[in-house]
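Read the structure below first, then the notes.
So that you can tell them apart, the chains are marked A, B, C and D in the order they are listed, and the count of residues begins at 1 in each.
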Amino acid sequence: MTSLLEVAGLKVAFNGTTVVDGVSFTLERGECLALVGESGSGKSVTTRTLVGLPGYGARVHTDRLRFDGTDVTGFTDRTWRRVRGARIGFVLQDAMASLDPLRPVGREIAEPLALHTTLNRAARAARVHELLESVGVPEPEVRAAQYPHQLSGGLRQRALIASAIACEPELLLADEPTTALDATVALQVLDLLGSLKGNRSGLLIVSHDLAVVARLADRVAVMKAGRIVELGATDAVLRDPQHPYTKALLAAVPSAHAKGTWLSTVERPAAAAPVSPPAAAQPGRPVLAAVGLRKSFPGPDGVARVAVEDVSLTLRAGETLGIVGESGSGKSTTARLLLGLETPDAGEVHVDGTPWPALTPEQRRAHRRRLQIVYQDPLGSFDPRFTVERVIGEALGAAGHPRGARRERTVELLEMVALDAGHLRRRPLELSGGQRQRVAVARALAAEPEVIVCDEPVSALDVSVQAQILDLLADLQARLGVAYLFISHDLGVVYHASDRVLVMRDGRVLESGDVRTVFTDPQHDYTRELLAAIPRLTPQVAPPATPLGVG
Amino acid sequence: GTADGVSAEPARGGTLNLSMSLDPLCLDPHAISSDVEQIFGHILTDNLVYLDDKGDPSPWLATSWEISPDAKTYTFHLREGVTFSDGAVFDAQAVVTNFEHMLDPATRSPLAGPYIAPYEDSKIIDDYTLEVHLSRPYVPFLTVLAQGWLGMESPKAIKESTPAQLCEHPVGSGPFVLTGYTKNQSVTFARRADYNWPPDLYKRGGPAYLDGIKVDWVGQDAVRFNSLVSGQYQATGYLPAQNAQAVKSNPALEYHNNNRIGWPFTLDFNVSRAPFDDIDVRRAFAASVNVPAIIQTIGFGQRQPATGFLDRVTQYYDPNVKFPGYDPAKANQLLDQAGWTGRDADGYRTKDGKVLEAQSPVTQTATVSPVYNLIQAQAKAVGFKVNVNLLPLTQVTTLRYAGDYDLLSGVWHTNTPDVLYIKYATESIPNDKRLGQNLSHLSDQQIDTWLEQARQTTDAAKLRDLYGKVQQRLVDLVPGVPIYDNSVLWATSRKLQGVITDTSHATPVFTYAWLTK
Amino acid sequence: MTALGTTGTRLAVRPTAVAIAKRIGVRLIAGVGVLWGAATLSFIALHVTAGDAALSTVAGQGANPTKEVLDQVRRDLGLDQPLYHQYLDYLGRLLHGDLGRSYQQRISVSQAIGEQLGQTVQLAVAAAVVAVLLAIAAAVLTARRRPWRSIASGVELTLSATPTFVIGIVLLIVFSFTLKVLPVSGNDGPRALILPTLTLALPIGAVLAQVLRSELEEVLEQPFILTARTRGMRDTVVRVRHALRHALVQIVTMSGFVVGGLLGGAVITETLFVRQGVGQLMLSAVTTKDIPMVLGLVVFAAFVYVLVNLLVDIAYTLIDPRLVTR
Amino acid sequence: MSALTATDAALPRAGRVRLRPGLILAGLFVAAVVVAALVPQLLAPHDPLEIGADGAFLAPGGTHPLGTDESGRDVLSRMVYGARPSLVMGLGATAIAVTGGTLLGLIAGLGSRLTESVVMRLIDVVLSIPELLLALVVITLAGAGSTNAMFAVAFASIPSYARIVRAQTHIVRRSIFVEAATGLGMKRFTVIWRHVLPNAIRPVLVLSTIGIGTAISAGAALSFLGLGAEPPAAEWGDMLSNGLQYISNDWFLVAVPSVAITLTVLAITVLGREVRRRSEGRTT
């Protein structure tokens, strides 16, 4: 029997730059193959090329490209159109933007049916409801009439999958199906996809995160710079990676390592070794404390929405306090209240024992400098006109450094975050994501703070870059003794980075305590749910989730 | 038209498409001063008198008249059987109603009323005999009655309409009736079937030959000309001078350049203030203006240079009076003599640190006549600075009546040599009690006396003498620089025959015009 | 099934109607404010200027009115009243929808505008339709299609940089003066409408086409377009069914620009082609200082602006459901 | 430590310039216009006001490369001298409009809610009157003439600039980098001066480059309607409306100013767009 998909020597180039460089693999019916690798390694381009849509201006060369035994290299656009949507379903990388925002989702799901079947309008509507039901969307009739913006991320991703499987394709391509989702929702989507394979169809799933696909894939292909560097059964690859790159990827998953472990493969800077033991062992004086914080915002309809409700916490010198919680749970708002950038409706924040309102403007400014923040979006936190030198120089100025000495100190700070003097003249736009994050850290350090609030400092980064930043933060804490308030929706990251943790939901603190205690013995149902969704490297039995199945 | 003999036999029917440049925005002849009315006047309304070829009044709706020796009482004998298109009868009462309407401030008459300003009252002798009393001797009264602005309107319409309504829909006794009017766009007229009272001088009778006339307003000169050439129109008024040559050489078109009666295109000096209160400066300025050059440039050879302060077709025009011509050497000499001997950085003359300059407010329009550029350049050649200030019409008007200017240009078209009274009598100087047209602010006792005497006599020889003396005196006093004789340029299609040239306004009369097939 | 479907739709629609009504209400109040502001500003502006309106009404060049006539006109126009009195009077009449009487035309301003409006609306609507259709055609056909894209955008750039009157003159010279295929002027007949419409439509259409294309190209980059392609949809259908609607939002956004351009362009186009219309009315009213007419036109323009904004708002909510519930 | 930099991707440095032929042509043309505006006597063979002895409506050739106009003035010289009023109009009106718009926009964007709504309603009112009508009204107030026309054009475009600045001020004011600066303990005024102002004005400055072309076009339109430059000054719009009268006699009188205006506006627009493109970080 022929393989469902056979690829050999696939090369794709844009404007002379080769981005996919000789990719070969096969996919059998009933099998799930995962394509993993960091951002830009060519995963999406590879999948798009499989349906003949490599992108505008692409040059494709392939030794062999067969779908169900048919050579598709010579396909005209017309022939391709008969295959796409009907025999190959595609779930695009960006679920949030993959549905036309101006049309009800039902119409989108019905589109392949209209194109490839002879069903009439009513039959199509019935089929759409059936499909939505099969991907676990409650109240399909209501949902079908809604617009994408009225659906949550998870529902949108499901709708997208529904539209991809509408014509019962033999091959389903899913590009990063869980990236944009909260951990719990991501888990459900993965389970849904898992339930889809099995019979005669094949599944190709793409991700930058090995751990995510581990629970689903039969085989894993690791991509780097347009090539597959390692390909094998999931178990084998995870247990015994051969290629150094695969090793690095695996090592970089934070949840596997407790605080104090070096994550990135690059060598630990000599100055930093050894990492001090967890700071929780030697609790310092409280630098920031909050009692009964409450904050609400007027919604678009004028009705106030509570963002933070009765939050109390204490941050001690030199420790890391993690805050986890799903999107919108009030993490950032809490941080902004602590920093005095927002005034609470109720409750108080004490800086070194003094509440914010009791401070004169002069004192407030002095305090602000001691409490720095590293934003999730570092690019937005730089004045786009400023060079790195001016960005850091300004912070130095605020900390009272004389103008003449700033240059030298700036270079020092850059070195501390592993950037060299060559970056001084660059503007934020000329830096990569990881570099920007490091400049943000350098700026925070320039102000010589006692506390750095890290609001999702790594969520936008690749695992390897993420590992470097986490290592950097740990190293700086060890050397300078700053306290961190570490905010993330990623439990793995928080687990790795924190001494103590606070679990938030809907503006309230559900649970708090020592990070090990909370993670090993969660008291709250929600915390348990979150923990269950942490991607783990060893493939496990999926927790009893909602039973799903294609109708 | 008939001279060409294309079709000597009039044919009935057809609508004449006529393009004109500007909507007067009101069609009541008594309520406007627009030039266009001279055409409409004879389309819609008839006048009491019509000028003969010597410029003397001859019968129309008035069959005869007598003037009292003191020139203050006029007895008119009116034509019988004339009706207005709304059925009202033309009689002595109708004439009185018309005079009163012209003088009623509510009519806002800018011309008709002022032309008969000395009117005091009337006595109706019988239905068709009327005695009119004036407050002072005013012989030109008879002549001005031939002007389109003083056409007779239906007394019924006058009584039943507000002035604004009358603007929209005036009713006359003329050969055509107004049938439609869209402001700024077009106006249509239809033949009146029972018309039968043209002046004898038309040499024809009965209703008009054309079924109707449609007038469109086409403001852009270039567009108006091109739409004529394309055959969209059979007649076009205010033919741009630059297109005259093209019309002449176009076999399908006929060119008309008719001289008009009145005051030529003239630059008025404001003699009431410096620098033009000095007659040497006036003479010098006049000598600096190269009239033939201006005419060649702006008139494309279609205009005749003015010789004095009356257009040459005006009654009692004196061909022996000659305004001195272009003479820059004399201009320089006169200015030196007047003490303007210094020069500033730009080469303009100065005296006691003051630059020799004149303010010339000009109404801003899309295309300002090049005459101002030329005069500016020519004056500059003798060291005289002319500032052309483009202003909105309102502001120019306000300045004009306030006397706040040095140079103003204009023409005054009428049908009597009494135009000199309007332009140069002391009584015509604007002041806060009276508006007036003596914009040079010239006040000369001799001129006043002669003009007053001319208003009291019908004796042709005496009139010729008086107006001759005034013309000479004006040339001596130099209240302005006459530039060219006012003329009206027309183009008609050769298909349009039988057009009569009006004796008062030199405009075409379409009463017995016809279109060949 | 269908019944349930309707329920779903109603669920989505009910808050929409309320939200739209609320938006409209707020807009209307703001609109009245804008109208009042526009009327007041221009009233002050016009009365502060030099020049006697009564004089220009009866005493233009060639007129020789008596003093009595002038005084009568001043009384008729209310110009003898103190300014605040004139203003209150004006506002009072405005409240009743009375724009006053034109000094020059001696008819009510609303009537004068009404008479000319038809011509301008005809021209403006024709031009708007042509501009939008040209823009859509150019954008849909050439977006991301290499040689055509450059050619079209070059032409558009040139057209959008060419002043309206230059375009008009070129069209006049070519089609009327030289080829003589279209009438030179006039208000009647569809043939007389062709050149003015093009004159007005081309620069606006060019700008729209550019905006539309860049919008389209941006939309065509969107994942949902690729999604539609992965379903086996053909390129042109994708452009028309998915991308165009998004790009249309941009046209709606630009309708303020379009209306402003049409009104401003109308002044020039009407002057050039000797057409009647509000543009001509505007020009002559301003040059003769026909105060009630200018005020009327300003209020009228402001009204059109308010109305267009209102319609734009409604159009948005119809095209883009996100705006209502967001 | 330096090993960490291994992940730095080679990033494009801004400032790498790719010039297209259209851009070069546009640049050359604008340069020529600027030269004509600064030292017209270099390029013009005659005095633009001089009424030549050799007559009106001369065909191109000989001492008059582009012929003479209705008054016998040299068309080429008038075209060259016409560059200055056009540029002055474009730059002047844009400068005034940007200054006014920025001030209003900042007042609205940084002021209290009351200030903001007062300013914005005022802007709304001005915006509700079509630009050309507004310009016409301004000219009725102030009279015709190139300076007044410049103010009229400027006045009409103030609201749109003000709106952009205000919107931008709002964005910048709420942006994270301003918060970051505040978080460093800087004074409010310093933050506004150093971060809010420059970033709020930026897009307006970029847009204004295109605005220059628009202003030239608008100024020419006013002159075309007879409300701009005062004769006998050489000005393109004025030359055009005059030439239009004589189009049957000499179409060159229309063609020359038409081409001059169109090319100037076009060239400035092309350059302006390039500036905008660059400012948005696109290099191709």
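Keep this in mind: a contact is a pair of C-beta atoms (placed from the backbone, for glycine too) under 8 Å apart; a residue touches a chain by one contact, two chains touch by 3 or more.
Please read these numbers as outputs of a predicted model, since none were measured by experiment.
Asker: Which chain has its C-alpha centre closest to the mean of all protein C-alpha atoms shown?
Answerer: Located nearest the centre of all protein C-alpha atoms is chain C.
Asker: Report which of B-C and B-D is connected by more C-beta pairs in contact.
Answerer: Counting C-beta pairs in contact for B-C and B-D gives the edge to B-C.
Asker: Indicate the whole-number Å distance between the mean C-alpha point of subunit B and the mean C-alpha point of subunit C.
Answerer: 41
Asker: Just give me the whole-number Å value for how far the CA centre of subunit A lies from that of subunit D.
Answerer: 46
Asker: If you average the Cα atoms of subunit C and of subunit D to get two centres, how far apart are those centres in Å?
Answerer: 23
Asker: What positions in subunit D touch 2 or more of the other chains?
Answerer: As it turns out, subunit D has residues touching two or more other chains at 140, 143, 224-225, 244, 247-248.
Asker: Any chance you could list the residues of subunit B touching two or more other chains?
Answerer: 220, 226, 364-366, 392, 395
Asker: Would you please name all pairs of chains that touch?
Answerer: Listed in label order, the chain pairs in contact are A-C, A-D, B-C, B-D, C-D.
Asker: Mind listing the subunit C positions that touch subunit B in their complex?
Answerer: 50-53, 55-73, 76, 101, 104-107, 112, 115-116, 119, 172, 176-177, 180, 183-187, 271-274, 276, 280-281, 284, 286-289
Asker: Which bits of subunit A are touching subunit C when the two form their complex?
Answerer: Subunit A reaches subunit C through residues 48, 51, 53, 56, 77, 80-86, 88-90, 92-94, 97-104, 108, 111-112, 115-116, 122, 125-126, 129, 141-147, 149-150, 160, 163-164, 300.
Asker: Could you list, by residue number, the parts of subunit B that touch subunit C in their complex?
Answerer: Listed in rising order, the residues of subunit B that touch subunit C are 25-26, 33-35, 105-111, 113-115, 117, 163-164, 167-168, 182-186, 216-220, 223-224, 226-227, 230, 232, 363-366, 392-395, 397-398, 401, 410, 412-413, 422, 433-437.
Asker: Spell out the residues on subunit A that touch subunit D in their complex, using ranges where they run on.
Answerer: Touching subunit D: residues 264, 266-267, 269-271, 339, 341, 364-369, 371-373, 375, 377, 380-385, 394-395, 398-399, 415, 418-420, 426-427, 429-432, 434-435, 443, 447, 464-465, 468, 472 of subunit A.
Asker: Under the definition above, what is the set of subunit D residues touching subunit B in their complex?
Answerer: Going by the criterion above, the answer is residues 49-51, 56, 70-72, 140, 143-145, 224-227, 230-232, 241-242, 244-249.
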